[in-house]
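Just so it is clear, A, B, C and D label the chains in written order, and each chain counts residues from 1 on its own.
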Amino acid sequence: MLELYDGALDVPAILKRWYEEEAKSNYGAYIPFIGTIRDEDSIEGLSFDVYEPILISWFNSWQNKAKAKGAIIKMAHSKGDVMLHESSYIAAVFSPKRRVALEFIDAFVEDFKASAPIWKYDLKHGERIYAKDRSTAIQGSGILS
Amino acid sequence: MLELYDGALDVPAILKRWYEEEAKSNYGAYIPFIGTIRDEDSIEGLSFDVYEPILISWFNSWQNKAKAKGAIIKMAHSKGDVMLHESSYIAAVFSPKRRVALEFIDAFVEDFKASAPIWKYDLKHGERIYAKDRSTAIQGSGILS
Amino acid sequence: MVRVEFLGPIQKDPLALEITNLNELAKILQGDDELGEWLKTSAVAVNDTLVSSLECELKDGDKVSLLPPVCGG
Amino acid sequence: MVRVEFLGPIQKDPLALEITNLNELAKILQGDDELGEWLKTSAVAVNDTLVSSLECELKDGDKVSLLPPVCGG
C-alpha cells in the first residue's frame, strides 16, 4: 500500500492504522522507518515533487519482492511543503521473522533513496531550491546525452 | 529509556509518545522494531521473566554506544503473559542520519536476542513451558561446569 | 505525435514531436541549450517504464519522460 | 554469607553459602544433581555484573546469579 499526502504526515495515526490493519495477519515483526525534516543549513522546510506513475510501479516491484519472502511493505510520502521537525516519509515492513524484516527495511529505504521518482527542494527565504547536491541520478541516466 | 510493562504493550500509544518526546530533538530518522506474538506451534501465548538489574546495565551500555554516534535508543518489554497477536517488545532508535539508524536497530535487536536477561515460556493448555530450543546461552556461559 | 515531458526541477514545458525512436529524440534534445546538463544526469521513461538504451521505437501517442536526479524521504 | 540465586526457568530456591570465591561455588554446585545441565548453559553474574572467569573473590553480602539461556522479544 502506497499513500501520498499533501504536506506533513500524521505519523502516530499512520503507524497506529498500519499496526491495526495487520494485527491478525500473524506477522512477528513490524519495522517502520520514519523520516523527519531536520533543522540544518538554515532551511525553513523541504518541498517534494512526486511522479506517481513510476513511483507506483517502483513500489509494486518491491511489494512483489516482499511477498516472495512472506512479507509486506507499506509506504507514505508527502507532496508539497513539509516544515522543520515535521515528517515526510514512512516506510514499513511486516514479516513473520525478524531477520527478513531487518534486512528488507534497509534494502528498501536505500533503493527508495536511489530510485524513487521524488524530487526534493529546500525552502529558504520563501524560495524553492532544488537539492541538487543531495540528489542521486537514477541508474541508467544519461542515455540521451 | 527502558520501560517494562505487565502484560501486552499498547503499541500505538508507545510509538506516539516516543515520536512526540523527540519531535524537537532534530533527529532525521526514527526506526521502531515491534515484536508481536505469532500463532504457531499451538501456543495460546507467551510469558516472560525479566531480570531487571542486568537488563538495565545491558541497556545502559547500548545507550552509551548510541550516544557515541549521536543517536538514542528506547525500549519497552512485557513481563508475564502476552496472548496471540499482542506485542511484547518495542525497540527504537532515533538518529540524525538514516545509515546510523538502520545499522543500529539491526545490531541492537540481534544483541538483545543473544544477551538480554529475559526468559520466554510457551503458554499451552494453561502450562508455562520454557522455550529452551529457541533460547541462546549468554556469551561466557558454562564457567561453573 | 510523441509527447516529451520534463519532470521535477527541469523547468521546461512539454514538447510534441514527430519522431519514431529515441535516437531522433536524443539528436533534437542535444541541440536544445535550455536543457544544459540535464541530459547527462536524467533517466528516460517511455510510457512510464524506465528504459536503459536508445533502441526503442516510438509510435503516435507515446509519452517520453525525463527524470533528473532524485531525493525522496 | 554469599547469596546464590537461580534465575528464569531454573526451578531452585536461593542458597546462602559460606564461600570466598567462585571456584568454591563451582565445586558445590557441581555436586548438586538438581542443577543437571544448567551449569553448562548458564552465565554467572556477581552483584549483577556478568563475569567471564572463576578468578573472582567473594565477600560477605555478595550476590551470585546464574542466568540460563535467554530469549527476549
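Keep this in mind: a contact is a pair of C-beta atoms (placed from the backbone, for glycine too) under 8 Å apart; a residue touches a chain by one contact, two chains touch by 3 or more.
Predicted, not measured: the structure shown is a model, and the values here were computed from it.
Visitor: Cut chain A out of the contact graph: what components remain?
Guide: When chain A drops out of the picture, the chain contacts leave these groups behind: B, D | C.
Visitor: How many angstrom lie between the centres of chain A and chain B, each centre taken as the mean Cα position?
Guide: Centre-to-centre distance between chain A and chain B: 25 Å.
Visitor: For chain B and chain C, what's the span in angstrom between their mean Cα positions?
Guide: Taking the average C-alpha coordinate of chain B and of chain C, the gap between them is 49 Å.
Visitor: Could you list which residues of chain C touch at least two other chains?
Guide: 73
Visitor: At least two partner chains per residue is the criterion; list those residues in chain A.
Guide: Residues 35, 98, 109, 113 of chain A each touch two or more of the other chains.
Visitor: Where do chains touch, given as pairs?
Guide: A-B, A-C, B-D
Visitor: Taking the complex as given, what residues does chain B use to touch chain D?
Guide: Of all residues in chain B, those touching chain D are 35, 48-51, 53-54, 57, 77, 88-89, 109, 112-121, 130-132, 134-145.
Visitor: Could you please specify the touching residues of chain A with respect to chain B in the complex?
Guide: 11-12, 15-16, 19-20, 23-24, 26-40, 85, 96, 98, 101-102, 105-106, 109-110, 113
Visitor: Residue numbers of chain D touching chain B in their complex, please.
Guide: 7-9, 22, 25-26, 29-30, 39-45, 48-54, 65-73
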